[in-house]
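Below is the structure I would like to discuss, written out as structure tokens.
Should a chain be cited, it is by its letter among A, B, C, D and E, assigned in written order, with residues numbered from 1 in that chain.
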Amino acid sequence: MRYLLQRLGFYLFTAWAAVTINFFIPRLIPGDPVQSLIARNQGMISAEAMQSLYVLFGLDKNESLISQYFDYWGQLFRGDLGISFTFFPTPVSDLLTDSLPWTIILVGITTVVGFAIGTGLGVVAGWKRGSWVDGLLPVTTFLSSIPYFWLGLIALTLLAGPDSFFPSSGGYDPGTIPGWDGSFIGSAIQHSLLPALTILISSMGSWILGMRNMMVTVASEDYVTVAHAKGLPERRVMVGYAARNALLPSVSGFALALGFIVGGTLLVEIVFSYPGVGYQLFQAVGSQDYPLMQGIFLIITLSVLVANLLADVAYLALDPRTRKEG
Amino acid sequence: MDPVLEIKGLDVDYGVGDEAVRAVRDVHLTLHRGEVLGLAGESGSGKSTLAYGLTRLLAPPGVIRGGEVVYHPADGEPYDVLRLTDRQLRDFRWAETSIVFQGAMNSLNPVHKVVTQLVDVIKAHEPRTTKAGRVARAKDLLKLVGIAADRLEAYPHQLSGGMRQRVMIAMALALEPRIVIMDEPTTALDVVMQRQILGQLVELRERLGFSVLFITHDLSLLVEFSDRIAIMYGGRIVEQAPAADLYRDALHPYSHGLLNSFPALRGPRRELAGIPGSPPDTRGMPSGCAFHPRCPKAFEPCPDRVPLLGTPGDPAREVACWLHPVAADTAP
Amino acid sequence: MTDSALTEQSPSDPVAAGPEGDLPVVLEATGLTKHFPVRRTGRAALTGPRRSIQAVDDVSLTLQRGRVTALVGESGSGKSTVARLLAGLYPRTGGDIRLHGETVNVKRGKAFRAYARRVQMIFQDPFASLNPVHTVRYHLTRALKIHGRAGEDLEKSLRELLSRVQLTPPERYIDKFPHELSGGQRQRVAIARALGADPEALLADEPVSMLDVSIRLGVLNLLRDLKERLHLAILYITHDIASARYFADDTMVMYAGRMVEGGDSETITQRPAHPYTRLLIESAPDPDRITAAPDPTVDNRHFHVKVAAPGVDNRHFHVKVADSGGEPPSLIEPPAGCRFHPRCPVAMERCTTELPPRFDVGDAPGHWAACWLYDGAAR
Amino acid sequence: MAVPAADVKAAQALPLEAVAARRRRFRFLTGGKTVTGLAVIVFFLVIAVIGEWIAPYDPSARSSDLLESPSARHWFGTTHLGQDIFSQVVVGTRSVMLVGLAAGIVATILAVIVGVTSGYLGGTPGEGLSALSNVFLVIPALPLIIIIGSAVPTGGDILVAVIIGFTSWAWGARVLRAQTLSLRGREYVEAARATGESTWRIIFFEILPNLTAVIASSFVGTVIFAVMSEITLAFVGVSGLSNWNWGTILFWAQSQQALAQGAWWWFVPAGLAIAILGTALSLLNFGIDEFVSPRLRGSGKARVKGADGRTHRMRVGFTPVLGREEKP
Amino acid sequence: GGSSNAAQSNPDAVLSVGKPDGPQAENNNPFLETSALSNMGYRWMIYEPLAMHNRVKPQEPAKPWLATKWDWSDNFKKLVLTIRDGVKFSDGQPMTAEDVAYTFQLLRDNKALNVDAVPYKDITAAGNQVTLGFAGSQFVNQVKILQTLVVPKHVWKDVKDPALDLVKNPIGTGPYTLKSATPQTMIVTRRDSGYWQEAPKVKEIRYTSYTDNNAQVSALVNGASEWSFVFIPNYKAVYTNKNPQHYKLWFPAQLAVHGLWFNTEKAPWNDAKLRQAVNKVINREDIFNQGEAGYFYPKNDQVTGIPTPAGDPFIAPQYKGQSVQVDVQGAKSLLTGAGYKFTGDKLADPGGKPVTIKLTVPSGWSDYITDLEIIKDNLAQIGITATVEKMNQDAWMKSVDTGDFEGLMHWTNDGQTPYDMYRDVMDGNRYKPTGQGGINGNYGRYKNDEATKALETYANAEDDAARTAAMATLQKIMIEQQPMIPTSAANSGGEYSTKNWVGWPDDANPYAPAQPTLRNALDIVLHLKPAA
């Protein structure tokens, strides 16, 4: 409990600092949302529109950065993330509600699955050094060295096409209407297969490797030898004694990966035209949409922090040594 | 006394080929029923390697190059442990021979409760026992070594070093094995704790009647606690004798030197001679008797020929030294 | 255990031969106290009392020129902390350290360097106290340079230093990395480094505990030789009381952060006064016990401890090891009164409440014990 | 929030690894993985240096061979402007290597400064620095790089490298901090202090040398990250990189919808080059890992011939028994 | 997948429209360019303008729509609109002059909504007539005013802040109503009844927002999208050849240009002779074919810079039919005549300084980058060393705003006459010195009183003759001064498939720009008939 409280202080500080940085960095970029909007439309919006847009976005008022900063905190405490510029006047929170589930479901599930499979293979590779699983390592290393987007594009070209089972873009069939019905969910799953595969392939390598190395380290710990000496079944030694302990360092890596679900998949979403947060962030950056950017950053920051908190809790649960008495 | 374990010509290497380190060479040793056999020798002489080798627990790159480890079960024919299949070996382990490893800190899995680790071993070997029965047994075991039963639920880090060591001893006795191997079980503890644990062990031995192979480099401890002592040097057993005899009259110059390196707590203050020189390099073991470069009494055959372990006269003793020639031939 | 054992000590030691009062005191500590703050977290941080580990409490000792003082005690009793306090590595909570009578109070910078030059420390573990990435030369050169002793003939100083710790010929060792040396050689390098500062006091924290039996002796003999040749004041920390007897002139016993007994080594080992010291000595492995003096009252379970304090009834009491609670006391909330009382077989009422001061035992000059048993002896 | 324990363990194992003669330290170089990695990196470095001279064409020069598939004249084919893709890849190597290395250096220096100092100092300044790296860790690097990248008007590789470096040091700092924390308590550091060494000397001469391997592996890690980031930046068209690199090639391929046009040659070489470089760097990283951690070191043969005539995999818990033919 | 089925047979009379705009937010505010409604173009299906103006033929009179008649008087300072009778909003309420007047009032009172910055003043409704009064001549704003979408007063009067309203349920007079909107797909369906003219054949229009061009193009190729507006490189190979019979694209020019701008205050680019020489060497053919994929921004080589054929009626007779030809020799002699010298093959200005130019472009704007690469090559032919520097978009926007550049590709505004375009290029009233930002057109910092005056005349002239004269002056200045060099025309077009629907506009029948997000989209939908 104390440990958690102590961590909480740390999290609060980190959150504050991160939010502050998130606030200032977009504002240090030259240019403004109106100009970006005009530029994006290359002549489709007339120059006259400029003034009306300034008025619209409330950028005509000259407020100091500091007072904007405090306003921002005020808004945050009211749970108000502001209004997006790109999709003016849609509240940022609405936009996030639209995009977050996609990202969380796609990337969340693949991260978890990737971790599970990767770690499982890593356990075997580390335990049975020199076996075929160990031989997989160079292949997975190569696969994880390929940039996400490139792998995605190649996958798209090779696997997706007019007559292919894999759709080439989007989160679901344009014809279907989101809802909890079979056809929508089926189509959503169908659309998520290719991006999920890409993420899996390129992320699994590092899990395998990390777990394998930990297994090799742990396998030579005395308590594993003792477990052998005790004549326990091999599986029990591998899983209960070696893997159980080797997993600990991976937990924080996994938590961090969970935290980066939101921020780390920009490219996958761009390549697969997936309607998630990553793509939204990319758009927001492109159009100087500070409120949206900030909102997404806030989500990312919070999710990283929450993931870390979860990791702490998981650590607490998994590693009794961190549980302090009294 | 009937033997329970006979080690015959055991050779253990680290690595294979030219790079290999010959850590244990041609060791012959017999462990009798109910005795405490002390194994002493300086660091790196191959004590642990011997202990792990005979149970086949050496981590890579350790390999057993040859020899036999014959186990005499309570009923049935003796068999060679080195020829057991993995399955048989697993069954053999702990039920017949248990090991208390050097550092109790590392022998217990930090993430499992004491009870889990105790129950684990019972479950693996006696799958028919009930869960409650196993836990009750674990409780009894802890009591046996003087730890309150409520410590069952503790994690290793919540116990002191001494308690952990005792948990390991309790675990070693869980299946009432006939042999307990203890590799430096007390070096990390201070003397008060050390004595407590050893006292307990000796008492348990009397009650349960197992044999102990006790490894340490603290000869003074062995003299006090064991029935017989074997001294290792450079991967070989160089002397073997009843404890008191060895203390009174060590035949091998190395044993002599070892005994002379301990300051005595009582009695007159004597000058300590120690052993000159430094331990041999495992990769380039001296020819002949490995101790000859440091031996004050080395003479003509020592650098060339390896002395074999033999009985110098007293049938209870064995020594491998040219000063005490035995009937046996010499090895090249 | 006759008095002859006493007079037998180090007849070869010219300095120690004289009465001890005559020897100049190099380093002196009085009332040395060190409390490590315990990190308070969570709710306790707001409400709970400020707690600390009382690692060292009210420790006084003196190191004299050309004399070895041993500090023994069980693990965690604060021996290393005393050494570190003396070396100036920890700020102290209380007490006073005097170098040649002058109070030292420096933490860093030039003044610390000047102090470090006169008081050097040898660390417990020769495997850990040398930086694996630096050669012997680097280690020694630094020691010489920091203390301005490098001069023009650095090479000569280096050789001299190595020969002094019997690492000869020096060329063979000077460019080696620690991992290329044996434990004993490493420990010698560590000693050479300490000597590089040309100190007056040497604080040796368990200098041999990590070493093999056959190497141990060499290092101890070397230290003794240094003491005799260079007249160093040496603090020898160990938990091997037999080696204290062999090597040290005086011995102090620590228990749970406090000094419990002190006196010359032979007296302490042969006629321990404090029950803890007795326990310690009885626990030490002693082959003679079974071979030389078979005693029917001693078995493996019970230790037969004779209390031979003058003024106290010659009582026999047994220390039942399994019951004596092997656990050292918590240093965060140490037992009131005598810290040993929960484990003491002869604990009295007052032991649980009153802290015993030092009492002269009276059987030998300078032999004292902090135990109420000797209250009468003092009177 | 812990450093992978393997690293910590590894560093602890180092000083104890007395047996390893220095000659054996570099045995990792004989491992196939490391040599391959090193060779590939050296190859790319050479191309980076001489690329401009060996490229058959000016990578920006237009020609009339519009969008041609690979041929003897254009090994990797041409772009929609008739530019030679092979030349683009070759010339683009420099920017990739430069940004990767420069960012790696910047990030590593920052990581060392922040990590080691915060680990060694402890107390408020140490905690502060550690919090700083945590904050940077929490902020997702790639979006941040994109944002800052779009804040600088015109690129220049070095500037991009500096941005990447400045946003990606945090992880290294944290690993180094954990390492330093464990080193700080080492006796040789205490011993140096007792000898009278000054703080900065302890940091630079006692602690840093022991971190070399960790620093090297964090450097390699950052280089991988920097290369990927640079390419990503170029690919999404954010960075102000004004010259050729593999990312810009992919950007052009993507914006001209090369794959839809069937111009696979536009995509494949640059992507493969990235993957090969990344693999090479990872391989090098293994090498460093194995160099640091004796336990990861492939300990000679993994299989031996057993007494029963079959080969056994060396494994924990079941020591193989060799054939007995050697003994009489 | 199911996506391709939709296009194969079309029993539901569905039209699939696509745009590469990424996920949309549910936002149907017809006044905001940022709403999904505007982005995707279904705004035109729900709301209707007062008159339908064909951008492809800007001189053609607009078709009466919600207004049956409009009369300008008082030199375009007063407009009387006659509102159509019998028009009903989709909620059944009739549309009246009140609603029209209310719409104009909204625009007047909410600066943020008045995207065209029309200076509305007096607005009155009487009977079926609405009268608008202005302070100045609205000649150049005529179409903008007539294109105003009419919103129902009974709905909007309750809206608290029209600029911040998301309009969940848009109600207009158009033939379609919003059925559903998700970030990816928005569907409008035909009104059952009550549309004031013949109902369209298309029953349902599905707007899908694809995340990027690639996705949109493949949707077009596999038939998931039947109508779109997206850049397709190598369009023949990628798109039309996949189904030459049905897959079409049509990108007619409109009255706006893209071209090379100079900061005309920076030497040597303040020299019109130099700019003219550059104009002579720029290869518009290459730009069109390579940079604009052979169709995207149509080649514009009219000497006046006015895109044809849309601009044909405005071109002064003396310039009619004249186009710029690449003429390296001519350029060279022009330069040497003006005192420039060639040393080797490098050009030096009369002062002896080598002539160089730094061309800047946002990184990622691939067509502009390509254009500039071509221009760079072209300039090398007359010894000018050009460098193409990619910078990030925001910095580039800023450099455009403050004039901190030497040369760049940029666009001009469009309008129904070339006035808007010329005004963007050379309106002295918009001049701000280099370094000062907040500029709104005239990025080249071009200052020419004659041009400024001609622009004023054109906007405020009381008769067509004066306007024609002013336009001719502007054209003359453009040719002689070349304040910027138009390279391509802006377009307003799109890709469409005739597989399920026919009746699309094309060269033969250019009744509207084929772009789903322009006002004429409704007109096109009304023209569509199921393919036989």
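A few comments on the model shown:
We take it that a residue touches a chain if its C-beta (ideal position, glycine included) is under 8 Å from a C-beta of that chain, and two chains touch if they have at least 3 such contacts.
Please read all numbers here as calculations on a predicted model, not as lab measurements.
Steps from subunit B to subunit C, minimised over paths through touching chains, total 1.
Looking at subunit B and subunit E, the chains that touch each of them are A, D.
Distance from subunit B peaks, on a Cα-centroid basis, for E. With centres defined as mean CA coordinates, subunit E is found 39 Å away from subunit A.
Rounded to whole angstrom, the centroid-to-centroid distance between subunit A and subunit C, based on C-alpha atoms, equals 57 Å.
Averaged Cα coordinates give subunit A a centre that lies 54 Å from the centre of subunit B.
The distance from the centre of subunit C to the centre of subunit D, each centre being the mean of the chain's C-alpha atoms, comes to 49 Å. Subunit D has residues 150-151, 153, 236, 238, 254, 259, 302, 314-318 in contact with two or more other chains. For subunit C, the set of residues that touch two or more other chains is empty.
Multi-chain contact residues of subunit B (touching two or more other chains): 52, 57, 59, 86, 89. Within the complex formed with subunit B, the residues of subunit A that make contact are 220-223, 225-234, 236, 240-241, 244-245, 248, 318-321, 323, 325. Within the complex, the subunit D residues that touch subunit A are 1-6, 9, 33, 131-132, 134-135, 137-140, 142-144, 146-148, 150-151, 153, 224, 228, 231-232, 235-236, 238, 250, 254, 259, 264, 267-268, 271, 274-279, 281-283, 289, 293, 295-296, 302-303, 313-318.
Every residue of subunit D that touches subunit C in the complex is listed here, in rising order: 14-22, 186-188, 190-197, 199, 205-206, 209-210, 212. Residue ranges of subunit A in contact with subunit D, taken from their complex: 10, 13-15, 17-18, 21-22, 25-26, 28-30, 127-131, 138, 141-142, 144-147, 149-150, 153-154, 156-157, 210, 213-214, 216-217, 219-220, 224-225, 227-229, 237, 248-250, 252-253, 256, 259-260, 262-264, 266-267, 270, 281-282, 285, 293, 296-297, 300-301, 304-305, 308, 311-312, 315. Residues of subunit B touching subunit A in their complex: 52, 55, 57, 59, 86, 89-95, 98-99, 101-103, 106-113, 120-121, 124-125, 155, 157-158, 171.
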